[in-house]
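There are structures below to look over.
Presented sequentially are two complexes of subunit A, the first with subunit B as partner and the second with subunit C.
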Partner chain A sequence: MAAQVAQTPPVSTPVTISTRVDQVGMRPLIASWVRGIIAVLIAIVMLIPVIWMGMTAFKPLPDAVSVPPTVFFTPTLEGFVSLFTQRRQLSAEEWEAMKQRTDLSWAEQVMLPRQQTIIGESQFGRQLLNSVIIAGSSTILSVIFAVLSAYAFSRFRVPGKDDLLFFILSQRMLPAVVVTVPIFLMYRQLGLYDTPLGMILLYTSFNLSFAVWLLMGFIDEIPREYEDAALVDGYTRLQAFRKIVLPQAVTGIAATTVFSFIFSWNEYAFALLLTSDNARTAPPSIPLILGTGGIEWSTIAAGSMAFLIPVVIVTFALRRHLLRGVTFGAIRKG
Partner chain B sequence: MSDVRLSNITKTFGDINALDDISLEIKDGEFFVLLGPTGAGKTTTLRIIAGLEKPEAGEISFDGEVVNALQPADRDVAFVFQQYSLYPNMSVYDNLAFPLRSPLRKTPEPEVRQRVTAAAEKLRISHLLDRKTARLSGGEMQRVSIGRAIVREPRIFLMDEPLSNLDAKLRESLRVELKHLQKTHGSTTLFVTHDQIEALTMADRIAVLDAGHLLQVGTPTDIYDHPATTVVAQLVGTPRINLLPAQAADGQIQVTESSLRVPLNGGRASGEVMLGIRPEDVRLGSGGRFEGSVILTETLGVETLVHLRCGGQALVSVVAGAAPYGVNSTVHFDIAPDRLHVFGAGGVRVN
Partner chain C sequence: MSDTRIVQIFILPTVILLICMNIFPLIYSLFLSFTRFSVISDAPPEWVGLANYQAILTDPRFWNNFAITGRYALVSVALQTIIGFGLAMLLRTKFKGSGILTTLILVPMMLSPIVVAVFWKLIFNPSAGIFNYLLGFTNINTSPEWLGQTDLALWAVVIVDVWMWSPFVMLLALAGLSAIPDYLYEAAAIDRASAWFQFRRITLPQVMPLLLIAVLFRTIEAFKQFDLVMGLTGGGPGDATETVSIRLYKLAFQGQYDTGMSSALAYVILVIIIAVSNLYIRQLNKARG
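This part shows the complex of A and B:
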C-alpha cells in the first residue's frame, strides 16, 4: 500500500465539484431511466412465452384450452403426472368407486378430476435420462478434446496449422441435415443406430469445431509467460497446463460448456432419425405427446418445462464464470 | 551456485539471426549484465540458458556439465520476467510457494512457510502475502516476482529487464536492493537490460550484444574506458560520446572540417577514422588549445552540458555545476590526450 500512496499526488485543495459524468445533470439520469424501462419491457416481451408455458404446465385441462385464456386458476400437477405416466380413462362407475377409496397414491389423486387412473410409467422419464446422459457426455468430451487441441494450436508450431483450423471450421459450413442419410446408413452398418454411444459421438463431433475455435480465442489471451515461469519453477508442460492454463481458461471453458450443452440438449433432427426406443432423447419425444386423444396442452407445457430445467441449471451453475472478465492477470503489457 | 558457460551458441527465428556464435563465461557468484539495444538477443540468451528456447548450435554448461538436453524444470534456474508473470489465480503467498511445491521439489509445507516468510521479509512484502496478485502495484509485483526467484536456492538467477516497467524512483531503489541481495546471497546472476546506467551501476562484468553479435565483455570500467567498437562507445555513457570523423596520419589525428588535431596515443591508424571523445574529456578553460562557440547549454544541477561548435563539428562537453557561458560566446577547451578513443574501419577500436 505504501507505494501506492506515494504515487498519488498530494491534494492541496478539497475537490468541491463532481467529476463523475453520470452526475452532471438531470438529462443523463432520465436517459438511464428510459434505458432501464426499455430493457425491462423487452425482457417482459421475451419472457412471455416462457411464463405462458410455465402457467400452462400447472393448469387443469379446461383452463389450458379456454378462450379467452385464464390468468387466475387453481394450480394442479395433472400435466406433470400425465407426462411421466400412462393412464386409462375410467368409466363412470369405476370413477365413482375410485372416489370412495382412501388408499390412493398422490399421483392417482391428482389424476382423479380427469377421470383417469394410472396404469404405468411413460417413456418420458427414460428419454429425459437419455438426454441427460447423451448431452452431458458429449459436452464433457467435446470440452476436453477442444481444450487440448485449442491449447496445442495456440502454443505449438503445428504443421499445416491454418489449413487444419480451416478444416475444423468448415465442418460447420454444411447444414447438418444434409448428411443425415449417409450417417443413418453408416450408423446402421456400425451398429451405432439407436445407441447412446452413437449419439454421444455424433454430438461431440458437431460441437468440437465450434468449441475448438471458441476456446482457442480464450487460450490465446492467456500470456505464455505464465507457462514459461511455471516451467522454470520446476513444472512440466502438462503440469503447467493443469495448474496455470486451466484455471485461467475457466471463463472460456464455462462458455464452451454452456454452448455445447445447449446444442446437444436441443438437437432434434438427428435424434429423430437415429434413435427409436433405446436411445431416444427428449426433443423428438415431446411432440409425440400430442397424439393420444386431444391436445394435452398442459402435458406438453410440463414436458417443455422439464426439458428446460437442466439447461437452466447448467447455465446458472456456471454464471459466475460466464460473467467474469477474460483477462484478469498480473502481466503488464510493456 | 554455479558458473555458466555458453560456447558458440547460434539461434535463428525464421530468417532472423537472433544469436550468432555467442560464447560467454559467467563466473560463480558474479553479477553479469547483458547490455544491448532492443532486438540484440539478450532475452533469447536468457531463455536459452533457462531452457525455454533450444539453440540451433552450441553448448550450454553449468559447472562444466552440459545441460542442453535438460528440461527447464531440471536446470534449476530462477527466471524473473519483464512482465512479472505472477500467477493471477493465486495469492502472493501461493505465488512464492509455487516453485517450492513443484513435483520436483515437494518441499514439506512447514519449510515452505518458513522460506516464503523469510523471502517476504527480505523483500518487505510480508504484509502482502494474502493479497491477490492483480491487486498489487508495479513495484510490489516486481518484488513478488523476485521473491519467487529467491525462495529456493537456484543455481543461477536470470533476470529479464526486471526494472524496466517501473517508474524512475522505484527503479533506483530496487536497483540498490537487488545489488545488495545479490552480494549477500553470493548468487550467480545474469541480468538483462537496455539501460546502460543499470549495467554500469550493478554489474561485475558486462557483455554488450548487438544484433545477435557479442561486441565486448568486460568490467564496467573496461567497457566505459575502452569501448571495443563505436556501437559500444555510443551505448554506454550519458551524455553520449562525441564521435567525430577524422583523418589519421603520422601519429596525428586531424578531425575533418575543424582545427582539432590530437596525437594518436598508441595503436596504428591511417586514413579515415572515427575519433571518440567522452564529454567529460572535453575540458573547458581559458588556457585551452582549441576554440569553439557555444550553441546551447543544458543545466542539470550538478553539472551542465555545453554544446559547442568547432569548425564543422559539434561537440558536447560536461562541466561541473552551473556554466556561465552565453550562447554564441567563444570558449577555449582542451582534450585529454590519454583518453581518446580511435576507431578504424568497421568501427573497431585501434588504440
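This part shows the complex of A and C:
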C-alpha cells in the first residue's frame, strides 16, 4: 500500500487561463455570461412548482386559493397541524368560547383561525412511521445482501454470471403492476398481505437488483492487489473481505443505502395494491387528502413537503454520486 | 472456507429472494394467463388455452391503450432529450454557482412521482392553480382545464413527466460533454471550423453513446409509467390517458378482478419491455467497457 501512495503525482497548480485559441477575447466571455443567465432563468422556472408548493404549505386557507396567487402572506402552520390531526368545525358560540380560553394547546391555537378544534390524531403520523420502518428495514437488508453478491460477482467467476446479472436487472424494468398480480395472490395465501413484513420483503428484492449493480461498480474499482497482498500475509478470504474490501467500499455502500432508501420511500404502486390499512405507507395516502372535506390545499402541500424535504436534503448530500445512482453504476464520471 | 463456498454463500440470499419474489410469481402468472380466474371468486382457475391472449390482441381498446402509451413515450422522451441536452450545453462550462444550480435542477427527478402528481394537480387546477395564471389565462371560463379535457390531459401528463425527467437527460449529457477532450475543439478552431460544424462533428458524436442510454432508459420508464398518470388523471377523462399500466391495474384490481386476463396482458407487456431492456442492457455493458 505504501508503494501506491508514493506513486501519486505531485499536486500541480490548476490552469486558470484558458489555453483554447478560440476562447480568447471578449466574445467568449460575454457568451458565457449569457449562458449563465439563461441557465439561472431556466432553473428558476423549473423550481417554481416546488417553491410554490413550499409557500402553499405555510399559507392560511384564503391565501392558498386566492387568484392571483399571493406572494406575501402571514405564514401559519395550519397545514401541518391539520395533516396530523382530525378536526371538527366549531359553531360561532363555541368559537367565541374557545377564543376566550387561555389553556389551549399550541396546536389548538394554530387551528383557531379556521374555526376548528382538534378531536384526535390522523392516520398520517402512523403512515409516515410505517414508511420509515419499511423503507429502513428493506434498505438495510438489500444493502447487506447486495454487498455480498456484488463482491462475489466482482471477484469470482460465477457460472451463468451474465444471465444472472441480466435477470437481476430485468426485474427493475418491469412495470410494478405486472409483478403485483401474482405477488398479491401469493401474499394472500401466505398471510403477508397488508403486513410490514410483506412490504419489507418485496422492497428488499426490488432494491436488490439496483443495489447489486451499483455496488458492483464500486467494488470493481477497488484494486484486487490489496486483497491479494492480504491473502499472502495470511488473511483468509473472509478476513480480507471484512478488513480490506468493506472499508474501501464505504462510500459506495453509503451511496447505495441512500438510493435504496429513496426508492422504497418514494414507492407507490406496490404500497397501493398490497396494503390497505395496517401497513399502509405515506405515498398512497397523500393523494387521498385530496378527497377529504373539500380541497385542503395547505394540508396537501404540507403533506408533500413533509415527504419531500428528506429527499431534497439527500439529493444535495449525494450530488457526486447521482450520475452513478441513476444509471445502475454504469457511468462513473461527472 | 474455499472460494467456491464463499461465492455460493454470498450469492445465496440474493438468489433465494429472487426465486421467491420474482421467478415463482412470474411462472405462476404465466399459468394463470391461460386460465379464466378471478381472485375474488372461490372458483379454481379454469384452463382456456390462448383465449385470453386472443381477446387482448383483437380488442380495439387494448390497441388504443398501446397507442396512447406509445404517443406518450415518444413525445415525452423527445422533449426530455431536447431540453435535457440543451440544459447540459448551457451548464457545460463552469461558472460561479453552476454546481449548486445543477443540483437544484436535479431535484425534481429524485422526488416521489405520486407526490409530484398530487401537487401538479393543484398547479393545473383551473380556478386557483398557478399554471394557467402563469400562462396568462386569467378568465376561468375560457382557460383550459388541463386534466379535464380529453384533448389536453395526455399532454398535461407529458408536461409533468418532462419537468421531472429532463434533468436526468441533462445529468447524462453533462457527463458525456465533460469527457470530450479539449484538443478536439482546439484543432477545429485552428481549422476555422464554424460553431455549428464543431457541434455537429465533435460534440454530438461524442455525447451520442450517453444520450442513447438516457433515451433508452427513459423509454422503458415511460412505457411502465404508472404513478404519475394514476395521481394526475387515473386514466381519465374517459380513457384519454389510459396507458397500458393503468389498463392493467383496472383489469386486475377493479370491477371484475379479471386475474386470468390481466396476467395475459402482463405477459404481453413483459415481452415488449424485455425486448427493449435487452437493447438497454447491451448499451450499459458497452458503457461499462
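Everything that follows uses one rule, which is that the second predicted complex is superposed on the first by the 269 of 334 C-alpha atoms of A that agree within 3 Å, B and C clash if a C-alpha of one lies under 4 Å from a C-alpha of the other, contacts with A are read in each partner's own complex, and residues count from 1 in each chain.
As a convention for this text, a residue touches a chain if its C-beta (ideal position, glycine included) is under 8 Å from a C-beta of that chain, and two chains touch if they have at least 3 such contacts.
None of these values were measured; they are calculated from a predicted model.
Enquirer: Counting touched residues of subunit A, say whether subunit B or subunit C comes out ahead.
Expert: C
Enquirer: Between subunit B (first) and subunit C (second), which, if any, makes contact with A:L190: first, second, both or neither?
Expert: Touch partners of A:L190: none, neither subunit B nor subunit C.
Enquirer: Is A:W265 contacted by the first partner subunit B, the second partner subunit C, both or neither?
Expert: Second partner only.
Enquirer: Tell me which partner A:T236 touches in the superposition: subunit B (first), subunit C (second), both or neither.
Expert: Both subunit B and subunit C are touched by A:T236.
Enquirer: Please indicate which partner A:D228 is in contact with in the superposed arrangement: first for subunit B, second for subunit C, both, or neither.
Expert: first
Enquirer: Shared contact residues on subunit A, subunit B side and subunit C side combined as an intersection?
Expert: After superposing on chain A, subunit A residues 236, 328, 330-331, 333-334 contact both subunit B and subunit C.
Enquirer: Quick check: in the complex, which residue numbers of subunit C touch subunit A?
Expert: 1, 3, 6-7, 9-11, 13-15, 17-18, 20-22, 24-26, 28-29, 32, 39, 87, 90-91, 93, 95, 98-99, 101-115, 117-123, 125, 127-128, 130, 133-134, 138, 140, 163, 167-168, 171-172, 174-175, 178-179, 182, 185-186, 189-190, 210, 213, 217, 220, 223-224, 226-227, 230-231, 244-245, 248-249, 252-253, 259, 262-263, 266, 269-270, 273-274, 276-277, 280-281, 284, 287-288
Enquirer: Tell me, which parts of subunit B touch subunit A in their complex?
Expert: 47, 50-52, 71-73, 75-79, 81-89, 98-99, 102-105, 127, 133-134, 136-141, 148, 158, 164-165, 167, 170
Enquirer: Quick one: which bits of subunit A touch subunit C in the complex? Just the residue numbers, please.
Expert: Residues 19-22, 32, 35-36, 38-40, 42-43, 46-50, 52-53, 56, 64-69, 145-146, 148-149, 151-153, 156, 158, 164, 166-171, 173-186, 188, 201-202, 204-205, 208, 212, 217, 236-238, 262, 265-266, 268-269, 272-273, 283-284, 286-287, 289-290, 295, 297, 300-301, 303-304, 307-308, 311-312, 314-316, 319, 322-323, 326-328, 330-331, 333-334.
Enquirer: Could you pull out which subunit A residues touch subunit B in their complex?
Expert: On the subunit A side, the touching residues are 1, 3-4, 7, 223, 225-226, 228-236, 239, 244, 247-248, 328-334.
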